[in-house]
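Labels for the chains are A, B and C, by order of writing; each one numbers its residues from 1.
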Amino acid sequence: MEEQKIKSYETGTPDAILEIRNLTKHYPDFTLDHINLTLPSGCIMGVMGENGAGKSTAIKAVLGLIHPDEGEIKMFGSPLSEANPSLKEKLGLVLDGLNLPAAMNAGQAGRMMAGLYKSWDASRYTEYLTRFSINPQKKIQDYSRGMRMKLSLAIALSHRARLLILDEPTSGLDPMIREEILDILREFILDEDCSVLISSHIISDLEKTADYAAFLHKGKLVLCEEKDRLLEEYRILKGSREELQRLDEKLTFTIVGTRENSFGAEALIHLTGRPDGNYTGFGRELGETVTIEQPSLEQILLYLASERS
Amino acid sequence: MLGFLHFAGISADTLSAPQLPARDFQDSVFIGPIGPVDPTEPIQKIRKTWKTRKIQKSAAYEPITPYIRRSPSPKQHHPIDRQERSEPMKIIISNSSEKPIYEQIVTQIKNAILSGELAAGDPLPSLRFLAKELRVSIISTKRAYEELEKEGYIESIQGKGSFVTGRNRELMREEQFRKIEACLSSAVEMAQISEISLRELIEVLETLYEDTESKTDV
Amino acid sequence: MKGLLYKEYVMLKPQLKSWLSILVFFIVYTAIFQNVFMLLMMVSLLGLMNCFNSFHYDKLYRCDEYIGAMPVSRMQMVLAKYIFTILLDWLLAAAAFPLAAGYTALTGGSFAELLVSVCAVLCVMLFMQLVMIPLIYAIGIDRARYVNMILWIAPWALILLKAKSSGLPSVSEEMILRILLLSPVLLLILCAVSLPLSVYIFRRKDI
């Protein structure tokens, strides 16, 4: 299978914190098909996709929870295996919901983690609890959804983790908490040896924070690119059907997908032809008839997904 | 998304952690007037009812510094020995602009250098700090710095950071002029081929200048 | 692994109150009906219940997904379960001993019989758990519960009926001693089979 290469403007190869090679897993009604992904150090990668696209399955494979049928996972340069669980000392995990007994409180969770992680930093954990206004005596069953997420994050950040993996961390949360979480992730990345892998279907969050965007659709990795580059290289053209058809012949772009309605049409185009990737000023030659817009990440992915279905 | 960039004073022994200054403005959110506002009231009075609410609840909160490695690494560290500036440098990113983010950063830093706001030898903020404050991708800030380095405006020293080069401002302006000449000569060629008069060409130049000026005036 | 044991303890704590009330009820029952047998059976049931409950809560709160991503091997996860369950069995037996001793002292029964009954409670708990735990790992907690109900409650019911109708069969002291001496060995062998089997099953499982 051809490898999805990450196009990068960086000189030299960054050290990869996480490498996924040819990850394949077969289920009766779904197949995760030869996923190749590299997460360099010092950046945030957002993995997007619809529900059931395979994001959680891929993450479970990365964590060693499921056994892939094919493929290899390398974390911090070493292959992940059951015989070497100490590799996960530097791994922080935030799942969708807090997977601890409901009768536990934050203080007990801290004590539990102290007995599991060698590098557990209790003072830092207490700092985070204070910052998130979490009462250490309050039981998890009495927490709101946002507080559970914050406790997960506090635990994940309190043992000197270098890789943070978050599976749907912001679903169901209000915008204020979401922004708080994204700010914490940006703070985490200030250390260039740390990386973050987020999977989410709230694409606007990833658009704000991610450096790389990966898109999974029906078990396949459709693209994995620098987010800013994606936004620079795609445009949405809006006009009448005839106008859009006429454009096809003239300029250097490929039409990725189109949408039509009774009053016009719009097309997502992928700009090509400029080696530096700078497409400022594209479309001035098209004149006033066709509207050119810069798409959001969500729009790009919606087009790509509908094109693939 | 708007971000203001503040230069923080950092001494050598706090190399490992950036000391973020008090972020009063950034912590606050205008949530509007409390209660019903009588529009006939004079404006001064209405302003008094606007309140700002701090997002962080505890007043004693200080930002928790991430685990920055203390051992020297060949990668870039946060710059040391920053001088306290009387006015912080302004870099604004517009999401609605057609210009890519890295280009916006390049342009604004270039302007700061050319206008003298950034003097020779002045340190630039670290890539990651800039990315975090402006809430943009690190790849864009990296690309911006690489562009600036390519054009000779800044130089990156491993282990120390990026600094404004000691080039003469006049020299840099001359270089800019040379580039502009090259662009304009190709425009003049095209105009002569299509028999466009000089006056029309000047008109186009004037419109473009006004357009970009209004765009950069944020 | 210490963290895992702590987690089991935290999961157990809320149930201790209800356990206490059950024990009190059966103490009263014993006093009224002059039959310590029911109390001892209840103690063994509590031990087995805890074993099932801990797996049930793990599934309910999806703890395995979280802990599986931590620096603990699958073997340690299984070992923690075994250690906690066996420790709890011993604690329950130790709690049952004074109650049974009190009853024996009051009713004037034989000390040997008391010892045998408490040991029997412990052995039964251990035996049932060592068989059920690999089964739970293999077929899941829900199905294992059904199997448990069918296989183990039935003999107890039979014994109860027999005890009521014709009394417990008389067992010679020699036989009692022989069983007592053999049971630790049998249990150790069973443990030596059960633990690796559970680890083997759990290692191959997708959480």
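In this section, contacts are C-beta pairs under 8 Å (C-beta built on N, C-alpha and C of every residue); 3 or more make two chains touch, one makes a residue touch a chain.
If you're wondering where the values come from, they're calculated on a predicted model, not measured in any experiment.
Of all the chains, the one whose CA centre sits at the greatest distance from that of chain A is C. Remark: the per-chain Cα centre closest to the mean position of all protein Cα atoms belongs to A. A straight line joining the Cα centres of chain A and chain B is 27 Å long.
Chain centres here are Cα means. That of chain B falls 68 Å from that of chain C. Chain A and chain C have Cα centroids lying 46 Å from one another. Listed for chain C are no residues, as none touches two or more other chains. Residue ranges on chain B touching chain A, taken from their complex, read 1, 18, 55-58, 61, 63-64, 66-69, 75-76, 98-103, 128-129, 131-132, 135-140, 142-143, 146. Listed in rising order, the residues of chain A touching chain C in the complex are 60, 63-67, 82-83, 85-89, 91, 93, 95, 97, 99-104, 108, 111-118, 165.
Per the touch definition, chain A reaches chain B in the complex via residues 8-11, 42-43, 124, 127-128, 130-131, 133, 160, 176, 180, 186-194, 208-212, 226-229, 232, 277-278, 280-281, 294. Here chain C touches chain A in the complex through residues 1-7, 10-11, 13-14, 57, 61-74, 76, 203-204, 206-207, going by the rule given at the top.
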